[in-house]
Amino acid sequence: MKIGVMIQEGPSYNHEASDTAYKFIEAAMAKGHTIQGVFLYDDAVTNVARHMEPPQDDRHIARRWSELGAKGVDIVVCVAAAKRRGMKPELIVDNTRISGLGQLSEICTEAERVVTFGD
Amino acid sequence: MKIGVMIQEGPSYNHEASDTAYKFIEAAMAKGHTIQGVFLYDDAVTNVARHMEPPQDDRHIARRWSELGAKGVDIVVCVAAAKRRGMKPELIVDNTRISGLGQLSEICTEAERVVTFGD
Amino acid sequence: MLHIVNKSPYMKSSLESCIRVAQKNDPILLIEDAVLGAAAGGGVESLVQGALKNHPVYALGADISARGLSSLTPGVKVIDYADFVDLVEQHKPMTWL
Amino acid sequence: MLHIVNKSPYMKSSLESCIRVAQKNDPILLIEDAVLGAAAGGGVESLVQGALKNHPVYALGADISARGLSSLTPGVKVIDYADFVDLVEQHKPMTWL
Amino acid sequence: MAKIMFVNRNAPHGTIYAWEGLEVVLIFGAYENELSAVYMDDAVFSLKKGQDTSALGIKGFLQTLPVLEDYGCEKIYVDKESMEKRGLKTDDFAIPVEVMDSAGIGKIMEEQDVILPF
Amino acid sequence: MAKIMFVNRNAPHGTIYAWEGLEVVLIFGAYENELSAVYMDDAVFSLKKGQDTSALGIKGFLQTLPVLEDYGCEKIYVDKESMEKRGLKTDDFAIPVEVMDSAGIGKIMEEQDVILPF
């Protein structure tokens, strides 16, 4: 089944939303579902900040998304939200991309399910 | 009177906290009070993202803080929170600085009042 | 002590916790979404009326106007940012997020 | 339809709104801070018991363990992320933030 | 072609959600989908007449509400209980809406392909 | 020298506040202030024994609680009503606390120079 994911807030480390979304996606992929796209909206854009440096014994949220992107999951950062927060293209991790809300619309059209995580 | 301000969340644009804090500080300075320091904690660190580009007809939150800093207000960005969110020193606006929670402790000791704004 | 509340009492229990703990005559200031609690005729009006028996209750005018609230619970005083500063000068603040 | 709730019912009214709108037999899944509502013996237990009359109620095990909740309201089913995926496969989801 | 519904639950101005819940309509309107919006809980205040954000220094959205229909969001539902609990009447709203009870809201949600909360 | 109180009201793990409310004690402890902490509302769950965050993949803080005192935070108050409403008893907590009613919490708040909410 094609599943889309929107992370609406739950910016990196402040809310659990990013963690739940990641665990959900991992489990969905393990079951053979296709992730149609992960749309990072509002403050969720900070999930993929390239220069993120969490404490060494903590999870690395941006790296996790980048690795998921390397596996072929389309990770889309909302352009308007990114601009408001100073997240230029060179400041986001590899294997993710900046695009518009139109991408969320397409995810909603193509996916059979769309799950939202947020604050 | 010496007033300290902590902005605990309310990252730029997502919550009103940053706006209320700014309006409060403006009003306090207009009355002749001293702002002992503004401590940006947790997600509030995104308030001073250098590359922020809000829509042209909207307020520019980072520039506002930078201008306040230019007037001599000490605007301190929590180092641990900044690291978690990829906010390196070169990515924050002028007239603000990155430092530790010790600065918040000093604000609490020196200010006669400490007001918190947040989510 | 000045109690600052910023969450709508329709959605979050912060105002209730504040009222429960606040000492008699301590002022309570509603800002941001909390001003929705100051609108007259709503389901939380009795909560605010109860608070008014023991506390001066203020609401930030800029937030009231932004939400288009025309009729407020009698007794709630509308103030501006300068008055907010005066309240902080007179009382040590605690924010109920 | 699967109703996903992530806020503690002690602090925020999301679960109440969800229960009010959810159609009979629609499953309700408690995740993140919402699992606090699944703990037995608390003040929101009657809310959850009411929900159980009309809905299967699930709670995410990882969130339950993280909060050290040992005793849950009878009837609440503890599930893992894989079960969460299955619920989404079976029902279109709505998240009550 | 999907049936997409935006469920607005947050109060205006305290957070950006009310704003984004409208922004998303303006963009989604360019695609071939069937759009609708629900306003419930504190989001019913987002529809209120007379909102003036000038003293806050932030942008309002009263001018966006009347154009939602032009962008393909033809149905705007308001949850009756949320409205009444907040002492509001349909006259208080800046645009015409369809008031619906809890069961009705639950039913139209059930008919959607995708629900996005704001 | 100031009397500083950290008022914890948020649930553990869903947001970072519970964590930061402890982090701040570890740092403030290096300065000459009188520190105390209150746990009320959902934050009473932060003190619960047996929290195991391994399945979430995030760091817990049960090991931090017992050292708060060493960092100069000698008083840990729990709001009685919050605790009872959530079906918790002092036996459920990982550290010894002082349980206080609403009036008592209000009174000790009043005695502080600075209150920081988490």
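For clarity, chains are labelled A, B, C, D, E and F in written order, and residue numbers in each chain start from 1.
In this text, contacts are C-beta pairs under 8 Å (C-beta built on N, C-alpha and C of every residue); 3 or more make two chains touch, one makes a residue touch a chain.
These figures come from a predicted structure and were not determined experimentally.
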Item checked: Mutual neighbours - chains that touch chain C and chain E alike -> B, D
Next item on the list: Find the chain most remote from chain A, comparing centres computed as mean CA coordinates.
Entry: C
Next item on the list: Using mean Cα positions as chain centres, tell me which chain lies farthest from chain D.
Entry: B
Margin query: If I list every residue number at the interface of chain A and chain B, are over half of them used by both copies, so same, or under half, so different?
Written below: same
Check: Taking each chain's centre as the mean of its CA atoms, how far is chain A from chain B in angstrom?
Finding: 27
Notebook entry, point to check: When the C-alpha atoms of chain C and chain D are each averaged to a single point, how far apart are the two points in Å?
Noted result: 32
Next item on the list: Determine the centre-to-centre distance between chain E and chain F, using the mean Cα coordinates as centres, and give it in whole Å.
Entry: 39
Note to self: Residues of chain C that contact two or more other chains, please.
What the structure shows: 6, 10-11, 13-14, 32-33, 62-63, 92-93, 95, 97
Next item on the list: Would you mind listing the residues of chain B that make contact with two or more other chains?
Entry: 8, 13-14, 16, 23, 42, 80, 114, 116, 118-119
Next item on the list: Note the residues in chain F that touch 2 or more other chains, in rising order.
Entry: 13-16, 41, 56, 58, 113-115, 117
Next item on the list: Can you identify all of the chain pairs that touch?
Entry: A-B, A-D, A-E, A-F, B-C, B-E, B-F, C-D, C-E, C-F, D-E, D-F
Notebook entry, point to check: Which part of chain B faces chain F closely enough to touch in the complex?
Noted result: 6, 8, 41-42, 80, 100-102, 104-106, 108-109, 111, 114, 116, 118
Next item on the list: Note which residues of chain D are touching chain F in the complex, please.
Entry: 6-8, 10-11, 32-33, 36, 39-43, 45, 61-63, 65-70
Next item on the list: Please give the residue numbers of chain C that touch chain F in the complex, ascending.
Entry: 1, 13-14, 17, 20-23, 26, 92-97
Next item on the list: Going by the contact rule at the top, pick out the chain B residues touching chain E in the complex.
Entry: 13-16, 19, 23, 57-59, 119
Next item on the list: State the interface residues of chain E toward chain A in the complex, per the touch definition above.
Entry: 1-2, 4, 16-17, 20, 23-24, 27-28, 30-33, 113-118
